[in-house]
Amino acid sequence: MKKLVLTGAAGRLGSYLREPLAKMCDTLVSTDIVDDIGTLYDGETYAKGDLASLDDMMRVLEGADMVVHMGAYADEGPFEKLLGPNFVGAYNIWEAAYQRGLKRVVYGSSIHAVGMHPKTDFIDTEVRHRPDTFYGLAKCFAEDLGSMYWDKRGLESVHMRILSCAQVTNARALGSWLSYDDLIQLTQRSIETPVTGFSVVYGVSNNDRAPVDNSKASFLGYRPKDNAEQFADKILAETGPLDSQDKGHMCHGGPFASVELGNSGVATMNIVDDTKKI
Amino acid sequence: MKKLVLTGAAGRLGSYLREPLAKMCDTLVSTDIVDDIGTLYDGETYAKGDLASLDDMMRVLEGADMVVHMGAYADEGPFEKLLGPNFVGAYNIWEAAYQRGLKRVVYGSSIHAVGMHPKTDFIDTEVRHRPDTFYGLAKCFAEDLGSMYWDKRGLESVHMRILSCAQVTNARALGSWLSYDDLIQLTQRSIETPVTGFSVVYGVSNNDRAPVDNSKASFLGYRPKDNAEQFADKILAETGPLDSQDKGHMCHGGPFASVELGNSGVATMNIVDDTKKI
Amino acid sequence: MKKLVLTGAAGRLGSYLREPLAKMCDTLVSTDIVDDIGTLYDGETYAKGDLASLDDMMRVLEGADMVVHMGAYADEGPFEKLLGPNFVGAYNIWEAAYQRGLKRVVYGSSIHAVGMHPKTDFIDTEVRHRPDTFYGLAKCFAEDLGSMYWDKRGLESVHMRILSCAQVTNARALGSWLSYDDLIQLTQRSIETPVTGFSVVYGVSNNDRAPVDNSKASFLGYRPKDNAEQFADKILAETGPLDSQDKGHMCHGGPFASVELGNSGVATMNIVDDTKKI
Amino acid sequence: MKKLVLTGAAGRLGSYLREPLAKMCDTLVSTDIVDDIGTLYDGETYAKGDLASLDDMMRVLEGADMVVHMGAYADEGPFEKLLGPNFVGAYNIWEAAYQRGLKRVVYGSSIHAVGMHPKTDFIDTEVRHRPDTFYGLAKCFAEDLGSMYWDKRGLESVHMRILSCAQVTNARALGSWLSYDDLIQLTQRSIETPVTGFSVVYGVSNNDRAPVDNSKASFLGYRPKDNAEQFADKILAETGPLDSQDKGHMCHGGPFASVELGNSGVATMNIVDDTKKI
Amino acid sequence: MKKLVLTGAAGRLGSYLREPLAKMCDTLVSTDIVDDIGTLYDGETYAKGDLASLDDMMRVLEGADMVVHMGAYADEGPFEKLLGPNFVGAYNIWEAAYQRGLKRVVYGSSIHAVGMHPKTDFIDTEVRHRPDTFYGLAKCFAEDLGSMYWDKRGLESVHMRILSCAQVTNARALGSWLSYDDLIQLTQRSIETPVTGFSVVYGVSNNDRAPVDNSKASFLGYRPKDNAEQFADKILAETGPLDSQDKGHMCHGGPFASVELGNSGVATMNIVDDTKKI
Amino acid sequence: MKKLVLTGAAGRLGSYLREPLAKMCDTLVSTDIVDDIGTLYDGETYAKGDLASLDDMMRVLEGADMVVHMGAYADEGPFEKLLGPNFVGAYNIWEAAYQRGLKRVVYGSSIHAVGMHPKTDFIDTEVRHRPDTFYGLAKCFAEDLGSMYWDKRGLESVHMRILSCAQVTNARALGSWLSYDDLIQLTQRSIETPVTGFSVVYGVSNNDRAPVDNSKASFLGYRPKDNAEQFADKILAETGPLDSQDKGHMCHGGPFASVELGNSGVATMNIVDDTKKI
């Protein structure tokens, strides 16, 4: 692998991926909309760019082999707010990747593309889209885009539907947790697998209570190592009785399944930044 | 039914729906981006509006019970060209419908949302999205949008995936043809069925060679009457041997499955305007 | 066919089956708990008996080839009320049929065995049980009983899940209607088919809006002739907007899906006795 | 269609196909192992050849567009007896068709490729092979062969799994009957459909009691017209009680499901030659 | 968890659950039909009661959060013998739980609800009921009851289909064994999982030869630790050739699949009481 | 187990199975077409025989309990070359096994029976046949043969579809590798499982990237221990970019999926003989 591009490099998940990705290639081009992402790793360069600008993405992807596309507005918000970075941004990445001759897009998709399925359904990677938010709807859009670029133009893509990659602070996360180490393994597998076509895989750790089915993506060789069960006693002791009629508890999307469309859903998800210290 | 709205009323399919819809309600509000759609039917009024403007759609949908949403750029074209009318336009319709308290959106979706499935697969209405064009991608987007507004806000929608509603001029159309009478029946059923939730149904006539499976939408009671087999002898006699490796022949999307993304696909589809005379 | 037994012969559906069944065999033994069922048809005899008594059923089934088991408390009611006729009664029929060497039980089952499935799901005959009432629960019990007697003892059974066999007086019935003629055809097919093993089939007419899938029972050759669409214009004109969050409208069981367990559900179903005059 | 080849032209089904096939092409080359097949139809020529000889088949298929392959030893028999005509013969047809550049093989397959499935299972065209005889095993072989030549070499094939194409003389045939007219329609559709890839379709008439599922082959447009129900009253009146533990009654293969491997099964199937007079 | 109820506390499995359940709550109310269950654990009280009495169950469940329902006649027997404890008893538990406002019933169901499925079928938790005995039929009844109380009244239930929880003394048990530790884990998970709706899960250890599929219940987080393979060499050495036509060997229910209905099946199952010493 | 027969004892896989199989029975009869297979293990005898001769196989199988059938021409080649050993040879084994009263055939089948399925499809053991070569076609034939002998004659068989049992020298083998130890475990389980009926199981190690689904064969208790991931870093570092349009990379069959029919495919598969030293 000569040249790899990482979008959303200043974001929460992107920033964790910079170091391991830099080690996988000769040159890692990290990109985001901010001016500066701090000290660079060996082999890493930074290229500022706006996802909503096709010209920017054409410039950033020049000469690359693959792109890991993590950049997006990372919360539920009004459709108008997500239109540029999350919808048009995805189009720009795929179109630039095609025009620049990349082999593959590795995409940070989300459980929120299918978040309205009941949690008691063990959903696989071919279940129909049931987005829970505009945020999830943008993930659906990018998956369909990836399917089309593969079918029509032979551009591969792996869609990593991340469940919840943050500190385990509630009962849902006992099932949905994706540790940083497992995120890194999943991203690496998505890059190194020689052929992938159009693939979808859930980003979840080896939790006892993992509620989704990755069997159809077995060929990717993703075998998570971490298990949120280590937090179960503490979390369950703190959890009062939950209302089984509340979509926020009964659906895969969790709080996003019950949040009002267009409103921020992050606050209720207890996402904090010190996850790495776990 | 007191008030019904029809978008795309100046378009090819929209114009055929004006009369039958006008008969189904006290007031039909036809809307399109043109200044004038000619003589109005009894009970019909015309309201000019731009799909890409949420304000316009809020104005047009005020007081309505349901909206039949046929408006769109009706061909494959560059993503940037379809973004306004087909993507943002769909959002505006659903958002306005929700805010205005409508019960249901009846949507003119398309086979092109799943056009890359092989024709030898008898696809049902829950098969995963495989769009063949940006045009089809916009249909996927609207279907996912409809799913979300139903799950989150209780706004119903019926997504009529029309196969090909035009004169039968090639072998594919022997299977994919939707006659105007059957289009009208399907639209009526989608409106009059008391409860629909989120539903998808293929718009195809009762052709001997119909290649899609509507069984999961049986409760809608759509029973098409026309059959393209009446044109088979003539069409097959004119059809030379077809290349079974050509996606345009082997996929449900037909010419859209082989057209270059962003290029017009209509020319190759032999769509002509005198269908009604069939 | 020498001797056939009909239980519930004094009931609404049973009384319609007496004449056609009498024509299918040398002797029809009609049975019910009442003293008298009026004038008998040629070849018919009447034997009073209590379903809840195994002795009675042993007596009634003696020498018979098959039994058509329609007898039951025909409404939702408290569990204690249904325990005798509907639960124990079914056991008595199967046990007596086995001990008396009958070849088959033809059973009047009901959509209420699966009534909590959403109407937008096109349920087939192998869908899991989701009873909507104690009445439906008794149908589940009898189906499982029939499965066991076939697997363990080779006693065949056909379970006719009747949707609604009554005058068409509401929108649900446009899909769920079973005409008397089609009930008769279904019962005849269930009797005359040479081998059936354990089979389940929906009792519904050839309605445009029929919401259930009989394809897995195709070998029975049941091809209904009547179609409730003839009543659609009138019924739909009278039907106001329906609440799509109401289980009584969204589930296959109709009013039974929303009735309180143990309460009569018949009143809300507009079942009247003059159906035959339709 | 310029040139079509028909194998097994002297056989029972082949002889009925000669006339309609001759009308579909400029030249029909009929072939069989006998010296003479009687008076030829307009456009028909006869070429004697042995299926078990690749050289013969290379000669016969020269210049052809398609071949309708009906030739085989048409009964159950010892494996050694079927090896030449049914197994090696099928290989020779596909290999010669490939080498001679034909577009498609239309093959007379049989229900006996899946004859051990219980009749109460409504089997579709993708159900796994469960042959009931060496005769059926040869059909499995040819289907797998056709799958491979399509996947590897782009040679199309349609596998018509004929149920029972003979006079209706027993209860099984009420479901399994294929009339000659419907056989002809099916063969025509299999030839004229512009692209088919590798396809399987059941050859059965529009019988009320048809026990197999052709929905996955819908794109072929096969819509049978005849219905064995016209014979039901007579046949059922003559049919005594059948043993539901007998595989010959409970499996799709009928008598072939209970016949000893290697023994003739035809005698028990009441196949007579005057079917055309029905 | 403040108050938990355990039925069948004097039974074989119930007695093993008393101690671990007592540790999970402030008060464990153990109940059974005997006068006395011996020394009580910390936090445990005993309340004598008859499952067949709704009044008794209303009294016992008062103030409880959940009930673990293990009480039943624990063998195959005549229907009349099981009617009270196993059928009516299950109704009484669900009805009392509903009236007393409990959140959930955790139920000791059994493989015998689906015991007639062939062992070579890897059955999941949604496979259709195929009971092998009246004992299994009662389990089907309780599952359907649980489904209904969830759909109609929001009362949750987890149905633990136990395979064989006893010493490993025959070849079947190499696949079907549930160790006591795994039984305890499964019961704990069924209690502590915050929301479950209506769920079914197989009670089987992590045996190499486990023949059932728990994937659809993954969200419960049941991950068994024990493996009967430790007994394989000894057991297989003692096992003579088995008859593959014997339902007792070919079906999931084991000896119950071949026992005569109504007769005790336990003797043939080698169930002994010293399992804990394993 | 008194007497076991191993065919193909001189072949690559057969030679590894001789020792472990000799330990499982009183007498192991090894057979192959060569004169001599070297030093025999304790309890082993050698019987020369030709698979293509039914007489030979009748002689070799006399008195045996089971046969492990590994003998075949072990590469792709012309149909004529495989007809004797691979097709007729399989028939001879099953027929002789039946006539000699054996309980079971354990068969060395292959992924090449289904090799044309895309690798991104996680194929289970009931997926339809899609052979990639004549070699694979012979495996399909033997599987169908085994199905028939079970259904018609009660002769059991286990079909072990081996993926690639050789040194790991390319990226495909990271998923498809079957170690010798796991081959031995799989063969042992196939022999010792008391009842198997007709079963299919994939022969693949516990590789992170294993692309096939053995869940339906769970009752066999095959739990592979080895994992090709140990070779991943080295192999992936040596692997250049692969063409995702190449069937040899995109299909389960690997090189056999792209090799010309009838040509040797082994050269391209990097199979070497020193696997044991791994």
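Order as written gives the chain letters A, B, C, D, E and F; numbering starts at 1 within each chain.
Everything below uses one rule, namely that contacts are C-beta pairs under 8 Å (C-beta built on N, C-alpha and C of every residue); 3 or more make two chains touch, one makes a residue touch a chain.
Listed by chain with UniProt protein names: A, B, C, D, E, F = NAD(P)-dependent oxidoreductase.
These numbers come from a predicted model, not from an experiment.
The chains in contact with subunit B as well as with subunit E are A, C.
Looking at D-F and B-C side by side, the one with more C-beta contacts is D-F. Annotation: 52 Å between the Cα-based centres of subunit C and subunit F.
Separation between the centroids of subunit A and subunit B, computed from CA atoms only, is 32 Å.
In subunit E, no residue touches at least two other chains.
You'll find the chains touch as A-B, A-E, A-F, B-C, B-D, C-D, C-E, D-F, E-F. Across the complex, subunit A meets subunit E through its residues 118-122, 171, 174-175, 207-211, 213, 229, 232, 236, 239, 241-245, 249-250. Looking at the complex, you find that subunit E touches subunit A at residues 65, 103, 154, 156, 192-199, 215-223. Here subunit C touches subunit E in the complex through residues 79, 83, 87-88, 91, 95, 116, 126, 128-133, 136-137, 140-141, 143-145, 147-148, 151-153, 261, going by the rule given at the top.
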